[in-house]
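Both complexes shown next keep subunit A, but they swap its partner, so subunit B is in the first and subunit C is in the second.
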Partner chain A sequence: MNNGNIEARRPLSPHLQIYRPMLTMMMSIAHRISGAALATGFVLLAWWLLAISAGPEPFATVNHFFASIPGQMLLFGYSWALIHHMLGGMRHLIWDTGHGLDKVSIEIFAWATIIGSTTLTLVLWLAGYWLKGA
Partner chain B sequence: MTTPLAKVRGLGSAHRGAETFWRQRLTALANIPLVLFLILSIVTHIGADYGAVRAYFARPLVALLMLALTISASIHMRIGLKEIIEDYVHGHGAKIMALVLATVFAGGIALSCTFALLKISFGA
Partner chain C sequence: MVQFTLPKNSKVKKGKAWNPPPEGTEEGRWREYRIYRFDPEVGENPRVDTYWVDMGDCGPMVLDALIWIKNTIDPTLTFRRSCREGVCGSCSMNIGGTNTLACTLHADDAPEKVAIYPLPHLPVIKDLVPDLTHFYAQLRSIDPWLKTDSPTPPTEWRQSREERQKLDGLYECILCACCSTACPSYWWNSDRYLGPAILLQAERWVQDSRDERTGERLDELEDPFRLYRCHTILNCTKACPKGLNPAKAIASLKRQMLERGE
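== the complex of A and B ==
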């Protein structure tokens, strides 16, 4: 008997393309993508810390990049991914207790994560600029 | 239940599934305040001069919080990367290779951050 053939012909469960895109589905994907993106963010953090420990010249190079427009955009994206993943994770922690799994709650959680992560990121950056200016 | 053949091949439950689940939740919880602290540290020090940034990270409380974040986030990241790899990389060899790389990556990042933070704190 050819097991490989049976494996190839066996029925598969419906995959992503079968379903109409839904907000909660997109949030699940966004959680995974933001998590993976944070691996890149961790590299930025390590680069920054190593440069600080290495001395003024390496620091100046890294600082110059982070102070530039592309650098600031990268950092803004990093902080947004951090907060989005954090709020999305809090949603999961609530679900782990068995609460908030009904249809209304999951929609509210989804919108709260999107609006919350965007607002919180903007507030933190404005607060940061304000603190630095003061 | 593990069949005799699966037992010989080392398949079946390793009885450690809940351990990973629990560790991911524990680090997630610890990451919440630590990440907020990190973001505040970043936005308040963009464009600051070298002396100020180094002095900030040399403060004992700042160094401790950053070390805690490094440990907690790198463990959390390794579990997350492992889950993504196990979901999408199907070839046996490729999967093992990817898992090894993910562990090396997480360990490398954790060691780099720890080394830098200790060097900043203890000088030289």
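== the complex of A and C ==
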């Protein structure tokens, strides 16, 4: 029975399929996704800057898009990704000093990042609309 | 390498139900267990079989249930176990979605229908027995023993109380591999990344005041993969059945790298 093939034929045990998703693990994934989203989101900023240099008409087109509902939603997501990734980065900086790695702190950090990023994004947008209205 | 799906020969099929509980028994007496099965001599894909355990006739721990199944229903069910008290690290497996020791997990603390798989992302030898050869080779690679240049003292190597305390939270590791096989970074890069268990061992020898090769040990870890594939996902710390904190040990190693000015 013990032929040379047996090791090659061994199945791989299930991993992602069966591991229970936990908040800290999800936060790590969210950090990566928001990071990737930011990289893509910079295209929006570049587009806006290019439009400025291209003249008033293209600039008006871009501004019109950003003022539309899909444009606003895109910007909202982008600003949330920015703030979420920033808070996540601060969390990682604290961890790099060796602090905040006990079992209680890691849960507090995870919730603080979620609540913090959502609150700050909402505050940013409310402030933006308030300034625009004023 | 990141691969989210299982290879073709590893996809888990639906298995059989062994012993549906008898009609009219009292509520909650029979507990459902869904267990990963793989028989290397048959050449079929792995499957998940369902067993029912009579909790009135069985000990309190998940390991007791496994032994009960093996003794009364299916003697072919294969798993590692030895000390039954969380000291040997043999019965590490994935229970209810997290890695832990079957012997120290109370059946009441496991989910209603207990799903049991071997430790994740390892080659399976049979049923719940994974191949840990690579894991042990990685342990060997960090030279887990005292290395000194000074002549051996006539009595023991002395340590102050404070020096000894630095090993607390490190020396208790039983090498059950729960943490390493809970780590997604280890899943994707175990060929080069040492993983939380081995890095905690490395920290144990780096912290040992009697060891005289600290610099050399850190040199060996100075590598984008061996140490720095840790992205602080923290599954290791959440999984450790001994309550240790591999993520913290790894953070300490990273900090020592920084402090010695690399």
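As a convention for this text, the second predicted complex is superposed on the first by the 118 of 134 C-alpha atoms of A that agree within 3 Å, B and C clash if a C-alpha of one lies under 4 Å from a C-alpha of the other, contacts with A are read in each partner's own complex, and residues count from 1 in each chain.
FYI, a contact is a pair of C-beta atoms (placed from the backbone, for glycine too) under 8 Å apart; a residue touches a chain by one contact, two chains touch by 3 or more.
Everything quoted here is computed from the prediction, not taken from an experiment.
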Inset, instruction - For A:96, select first, second, both or neither according to whether it touches subunit B, subunit C, the two together, or no partner. - result: both
Inset, instruction - Go through the superposed model and pick first if A:112 touches only subunit B, second if only subunit C, both, or neither. - result: neither
Inset, instruction - Classify the contacts of A:37 with the two partner chains as first (subunit B alone), second (subunit C alone), both, or neither. - result: neither
Inset, instruction - Considering only the touch criterion stated at the top, classify A:60 as touching first (subunit B), second (subunit C), both, or neither. - result: first
Legend entry - Touching partner for A:75 - first (subunit B), second (subunit C), both, neither: first
Inset, instruction - Once the structures are superposed on A, label A:86 by its partner contacts, choosing first (subunit B), second (subunit C), both or neither. - result: first
Inset, instruction - Mind working out whether A:16 is in touch with subunit B, subunit C, both or neither, as first, second, both or neither? - result: second
Inset, instruction - Check the residue A:25 against both partner chains and state whether it touches subunit B (first), subunit C (second), both, or neither. - result: second
Legend entry - Of subunit C and subunit B, partner touching more subunit A residues: B
Inset, instruction - Return the residues of subunit A at which the contacts from subunit B and from subunit C coincide. - result: 92, 96
Inset, instruction - Please give the residue numbers of subunit C that touch subunit A in the complex, ascending. - result: 4, 6-7, 9-10, 12, 36, 38, 40-41, 43, 45-46, 94, 96-98, 115, 117-125, 130-131, 182, 184, 187, 231-235, 237-238, 245, 247-248, 251-252, 254-255
Inset, instruction - Show which residues of subunit A lie in contact with subunit B when the two form their complex. - result: 32, 35-36, 38-39, 42-43, 45-46, 49-50, 52-53, 56, 59-60, 63, 66-67, 72, 75, 79, 82-83, 86, 89-90, 92-93, 96, 124-125, 127-129, 131-132
Inset, instruction - Provide the residue numbers of subunit A that touch subunit C in the complex, in ascending order. - result: 1, 6-7, 9-20, 22, 24-25, 28, 92, 95-98, 101-103, 106
Legend entry - Contact set on subunit B toward subunit A in their complex: 25, 28-29, 31-32, 35-36, 38-40, 42-44, 46-48, 50, 53-54, 57, 66, 73-74, 77, 80-81, 84, 105, 109, 112-113, 115-117, 119-120
